[in-house]
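Each of the next two complexes has subunit A plus one more chain, namely subunit B in the first and subunit C in the second.
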Partner chain A sequence: MFKYIFKRIMQAIPMLVIISIICFGLIQLAPYDAVDAMTTPNMSEKTVELIKARYGLDQPAYMQYFYWVKGILSGEWGYSIVTHESISKDLSVRIPNTIILVLPAYFIALVLSVILGLIAGARKGKLADKIIDGLSSFGIAIPSFWMAMVLIFIFGYQLNLFPILGMHTIGSEGSFSDLFIHLVLPTTVLTLSFMPELVRYVRSSTIGQLSEDYVMVQQAYGAPSIGILFNHVLRNVLLPVITIVGMSLPMLVTGAVVTETVFGWPGIGTYFVKSIQGFDYPIIMAIMLLSSSLVIIGNLLSDILYCIVDPRIKGMGE
Partner chain B sequence: MNGEKNRRIEKLKTELKRNKSAALALLFLFLIIFVSIFAFLSPYDPNKVDVLNVLQKPNAQHLFGTDELGRDYLTRALYGGRVSLIVGILAMLISTSIGVLVGTVSGYFGGRIDNFLMRTVDIISSIPWMILVTVVSIYLTPGLKAIILVIGLFTWMSTARMVRAETLSVKEREYVLYAKSTGQSIRKVIWKHIIPAVMPTFIVASTVSIANAILMESALSFLGLGIQQPLSSWGSMLQNAQSNLGNAPYMAILPGLLIVFTVYSFNKLGDILRAVVEPKTSGGK
Partner chain C sequence: MGRKNVNILIVILVSFFLLLAGCSSKSTENASSKDKADGAKTPDTFIYGIDGDPGNAVNVISTGDRYGLMEIKTIYSPLYMYNGKDNVEYFLAESMTASEDFLTYTAKLRKDVKWHDGEAFTADDVVYTYEQMLKEENGGWARSQLIFNNQPVKVEKVDDYTVKFTLPEVSMGAFEALGNIFIMPKHVYEGETNIANSPKNATPVGTGPYKFKEYKAGESVTFEANQDYFLGAPKIANVVYRIIMDANTATMALQKGEINAFAIQPSDATKFKDSKNVSLKPYDEGRVGYLAFNLSSKAVQSKEVRQAIAYSLNRDEINTASYVSSDYYVNAYSILPEKATYYTDNVEKFKTDTKKSKELLASAGASDLKLKLGFTANNPIQQKQAAVIQQNLQAAGITVELVGMDGTALSQKMQSVHTDFDMYLGGYIMGIDPDTFNSLFVTDSTANYMHYSNPKVDELFNQGRVEKDDAKREAIYEEIQQIIIEDAAFYPLVTNKRILAIDSRIKGIEEAGLVPVYTFEDMSKLSYE
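Now for the complex of A and B:
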């Protein structure tokens, strides 16, 4: 097992390196000079030269790459060319904002999906399955921003129940209940948009499990089908779900780009869209690097987790 | 071969009879393609500004009202559908072609070529699509061409993986081994024997990829990174609708429903085709 884990880590490292080279290459391709982020137009030529030398920008590209990687690893992510703010400082504010939005939504979606998926799978072809499966295939087709607009119209404009923009009402920044009512609509949208695929996944793996021999044995012993479902099938269905949870790690950063934009939520999504619109290359590449690293790490984690919970995993370290 | 074809058509018919929602989805697709081709028959010009009739509610003259510049909304939605469908279909063609090429080459040759291509697939797939597509699009002039290219060029990875897996089993079949042993060129073996054999796989994948491309386009256009004015797609119409949500909520309804039903229908079409080409899934069990 450790051999397998070690092998997986060894595969992930070169991927991370290549991704970082791609991001660095794209920054170099971009029509701007990295020093622009640190200078102001009224600085003298000499000062600009000094700054260049200080950040290693007068050196060849491969040396700059090493400086850049060193900076990233030590938490120094560079500066925005629009606002001249430190990117790592911005990220440290934005990421928690996205996490408090995405994490509860994902958790609720996961719990509901496991329940609905189990019911649908167990009642395959029956009414309950038709409703759940039908709604899921519709749900996959609904763009999250449109769902957000419909909810904003109904609960924001018509019923006036929930605020539709931002994270806090001005003046009550510290209040939890204020944050909570701002969370309701975007969390609902996210939950509903995460659910359809999860439900389908749990449903199909439940169907797969129900045709296994151990289920037949239990039935032969006269175990009630609810008991079989929750005592035996559930456990085996949850195994592959762990893989999915691991792979969803990057969602904590980029899972809500569109939803955040609709609700003006001050998270990574709006930060990213604003930097795209303003051609703020250092921020764009920082987010690209961060999110793809999370994808690679997420896949790695899910493989390792799966290997730990299900030691049968094929080809241990072959 | 012919008998095979007839059998599949028969199966398609029974599948459509059995699955009513799939038949409806197919009907809807024909309808939406038909009306977007004949959108020019509408008495209104989709881009003509009419300041006297801005933001009119749906009425007898304008069935779905007018937008903030007085343009007939139904006409714009039909033309928008044209754009969304063109993006979906062309992006699908690009991504399927690349996917099939990479998949067959990778599966057929194996070894180093396979390793290289599949690692490339891994790397591209590890960048979240939303990020990848937007980052690439800032290096291009925004517009219809850019969005088709960007979506087409960066969504072929799953097709490539599927086709590769399929090729691995097809290339061991006797007729392929025979073709190889008679000295047919590699290109001919791939083109004449491998690609026809993996066709069912990528046709199913391609209908689903139209649906995904339409969703991606609508999200990008909604964020203002896709289709630019005066051209509009369903996504960019919704972007407009968002700023008028308070006083003209009807503007959000039509394009949204059109996206949902079109995407749903393409996905359903994929389900039907899958049932037709894969005998295993169509059975009752």
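Now for the complex of A and C:
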């Protein structure tokens, strides 16, 4: 097993290197010069040259790549062109904000989806299945910004139950209950937008598992159908779900771009949107590198988890 | 055993939902009880929604974006603000007087001013600020206006409360150019080599009405009242600039009272027409929105063709389509906004005349003309302007292709010589004195994106700068306005207003003064009724 895990990690490293080369290549192609983030248009040629030399920007591209990688690894992500602020500092404030929002939403969506998916799968073709499956199709089709606006209008404005802006009420920044009521609406939107796909995935996986021999054996022993569902089918259904969970790791960074923008949530989403609007290349590249690396790491994690959970896979690496 | 597991699962689920339900109902009570509490007492916080992030590196030298400048206006004070020839608002200076020959200006400073950290404000701070602004490597926003014919202005301390500015040559726009610069504390920044990226910017120390309290990335900037403010302590205890990127959310938050002010789009104005809680304050920012020609492109190099286009355009139609109601705009005819000194509307207005337009096209020998119009694709105002312009020109037999671009890409294109589009939409907010507009029209100037060149205009701008006689100066600038419009390389469309939607309980807006860019001239005058 360790050999397999080791092998997977070894495979992931060249992928990360390739991703970083692609990102670096795109930065080079972008219509800006990295030195723009540190200079102003009024500086003289000589000053600009000095700054270039200080950051190694006068070196050939492959040397710059090594400087860049060294910077990334030591937490030096460069500066924003627009605000001249350190990107790693900005990210360290914003990523936790996004995680507070995305993690609970994803967790709730996962739990609800597994239950609803199992029910729908077990009752395939019956009324419950039609309702759940129908609503899921509906949910996939609804854009999240629209759902957010509807929820804001009904619960935030007309019923006036929840605040609609940001993370905190001004003045009560430390209060958890204040944070909580600010979380309700955006989390609901995210949960509803994560759910449909997961439900349909669990449902189809359940339908597949129900036709397996072990289900027939259990039925022959006279086990109650609900017992079969939760004791035996659930475990097998959860296996592929691990893959999905692993692959959604980048969602922690980019999972809520639209929702955050609508609710004015100070996370990565608003930061990303602002930098795209301002053509702030260093930030766009940093977030791109981060989320594409997370895709690879997420895949790696799900493979490893899979191998730990499912004994049948252990032998495959050898 | 199977049954038992299911039961446990159900119990967990039920308790989970109960927990959720419990939490949400509790929070509902919280929210409503808080609302009641808010209604009972006078609020002590003014929350202004902004759709950008000023960042945490705001400083008086290199910050140039609208929200950064709003933050600066709240924290710092200038010597004086120049809002018009007879409208100079003095802050740190008590007076600013020019010598007979207009070569030296002397500023007398207030003696009762303290920095937010308690240190006394003196002439040293003023001299230091102007020195930093003039340093090329600092990239100061006002550097170019402090350089006169390649010579910098000389700034000297006479005594602790007097500063003398010596110009290398006469410039009649100097009074405006020397003002509007915010003064930074020497005792804080002294020895700092890189002001734009200095860590000291995170905790700014100013002399303005409010003290900086906290910046939360992507969320808000909070200020508290400076009780020692030299023009009297502010009446509202806290001011917050709240960052909201989505205009729909902001509009709803304003209706609901989560924020107290926000600058809205004209199309959203109807939502507040009958509102008791929110009132609309449209105000003039001196912005001129225009259609300009790219003179590097052959198709529009003929003056007759450009005039033909001008005759086929319909200002009223274009402006009503984009700004909805005449409450929010005025038709523009000159290169200067109405509030600029020596503004005149005695220029060729190109009253819509499709027949004349066709005649001019025929005499220029331009048939079946196809032009490209560049504009910012995600700007709702420019989208509408572009669509109406396309229709207007269609009627005169000119085909227009709309080239919607990203804002940054468009401005980068404009700065280079190119033929990607023949005309483009834009807008500018310059100063009050007409000399501040020269960089837009003088041959090969930095902001002359039309690549316009008329030796007569260049010469007049140079004369206007040094002419001491007011009447003669007026004549010069009127001639400039007439020539540029006659050349038809620049078609002014509109002077639009910025529509501030603000909580009706806020009083003193008049005294605080609505000004371009910063919104309020002096926030300390605002109060809740």
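Criterion: the second predicted complex is superposed on the first by the 306 of 318 C-alpha atoms of A that agree within 3 Å, B and C clash if a C-alpha of one lies under 4 Å from a C-alpha of the other, contacts with A are read in each partner's own complex, and residues count from 1 in each chain.
As a working rule, a contact is a pair of C-beta atoms (placed from the backbone, for glycine too) under 8 Å apart; a residue touches a chain by one contact, two chains touch by 3 or more.
Computed from a predicted model, the values in this text were never measured in an experiment.
Peer 1: Between subunit B (first) and subunit C (second), which, if any, makes contact with A:Ile296: first, second, both or neither?
Peer 2: In the superposition, A:Ile296 contacts subunit B only.
Peer 1: Classify the contacts of A:Val257 with the two partner chains as first (subunit B alone), second (subunit C alone), both, or neither.
Peer 2: First partner only.
Peer 1: Going by the contact rule set out at the top, does A:Ile152 touch subunit B (first), subunit C (second), both, or neither?
Peer 2: Both partners, subunit B and subunit C.
Peer 1: Should A:Phe162 be classified as contacting the first partner (subunit B), the second (subunit C), both, or neither?
Peer 2: A:Phe162 sits against subunit C, while subunit B stays out of touch.
Peer 1: Have a look and say if subunit B or subunit C is in touch with more residues of subunit A.
Peer 2: Ranking subunit B and subunit C by residues of subunit A touched puts C first.
Peer 1: Please indicate which partner A:Phe138 is in contact with in the superposed arrangement: first for subunit B, second for subunit C, both, or neither.
Peer 2: first
Peer 1: Who does A:Ile287 touch here: subunit B (first), subunit C (second), both, or neither?
Peer 2: Only subunit B; A:Ile287 stays clear of subunit C.
Peer 1: Just to be sure I read the superposition right, which of the two partners does A:Val273 touch: subunit B = first, subunit C = second, or both, or neither?
Peer 2: both
Peer 1: Taking the superposition as given, does A:His84 touch the first partner, subunit B, the second, subunit C, both, or neither?
Peer 2: second
Peer 1: Contacts for A:Ile170 in the overlay, against subunit B (first) and subunit C (second): which applies, first, second, both or neither?
Peer 2: In the superposition, A:Ile170 contacts subunit C only.
Peer 1: Touching subunit B in one complex and subunit C in the other: list those residues of subunit A.
Peer 2: 149, 152-153, 157, 261-262, 273, 277, 279
Peer 1: Please give the residue numbers of subunit B that touch subunit A in the complex, ascending.
Peer 2: Where subunit B meets subunit A, its residues are 21, 119, 122-123, 125-128, 130-132, 134-135, 138-139, 211, 215, 218-219, 222-225, 235, 238, 241-242, 245-246, 249, 252, 256, 259-264, 267-268, 284-285.
Peer 1: With touch defined as at the start, can you tell me which subunit A residues reach subunit B in the complex?
Peer 2: That would be residues 15, 18-19, 22, 26, 29-30, 125, 134, 137-138, 140-146, 149-150, 152-153, 157, 211, 250, 254, 257-258, 261-262, 272-273, 276-277, 279, 284-285, 287-288, 291-292, 295-296, 299 of subunit A.
Peer 1: Would you tell me which residues of subunit C are touching subunit A in their complex?
Peer 2: Residues 2-3, 5-6, 9, 13, 16, 23-24, 26-28, 30-32, 34-35, 45, 47, 52-53, 55-57, 62, 65, 136-140, 143-144, 196-197, 216-220, 222, 238, 240, 242-246, 248-250, 252-253, 255-256, 258-259, 378, 406-409, 412 of subunit C touch subunit A in their complex.
Peer 1: Residue numbers of subunit A touching subunit C in their complex, please.
Peer 2: 31, 38-44, 47, 79-80, 82-85, 90, 93-94, 97, 111, 115, 149, 152-153, 156-157, 160-171, 177, 180-181, 184, 223-224, 226-228, 230-231, 261-264, 266-267, 270-271, 273-274, 277-279
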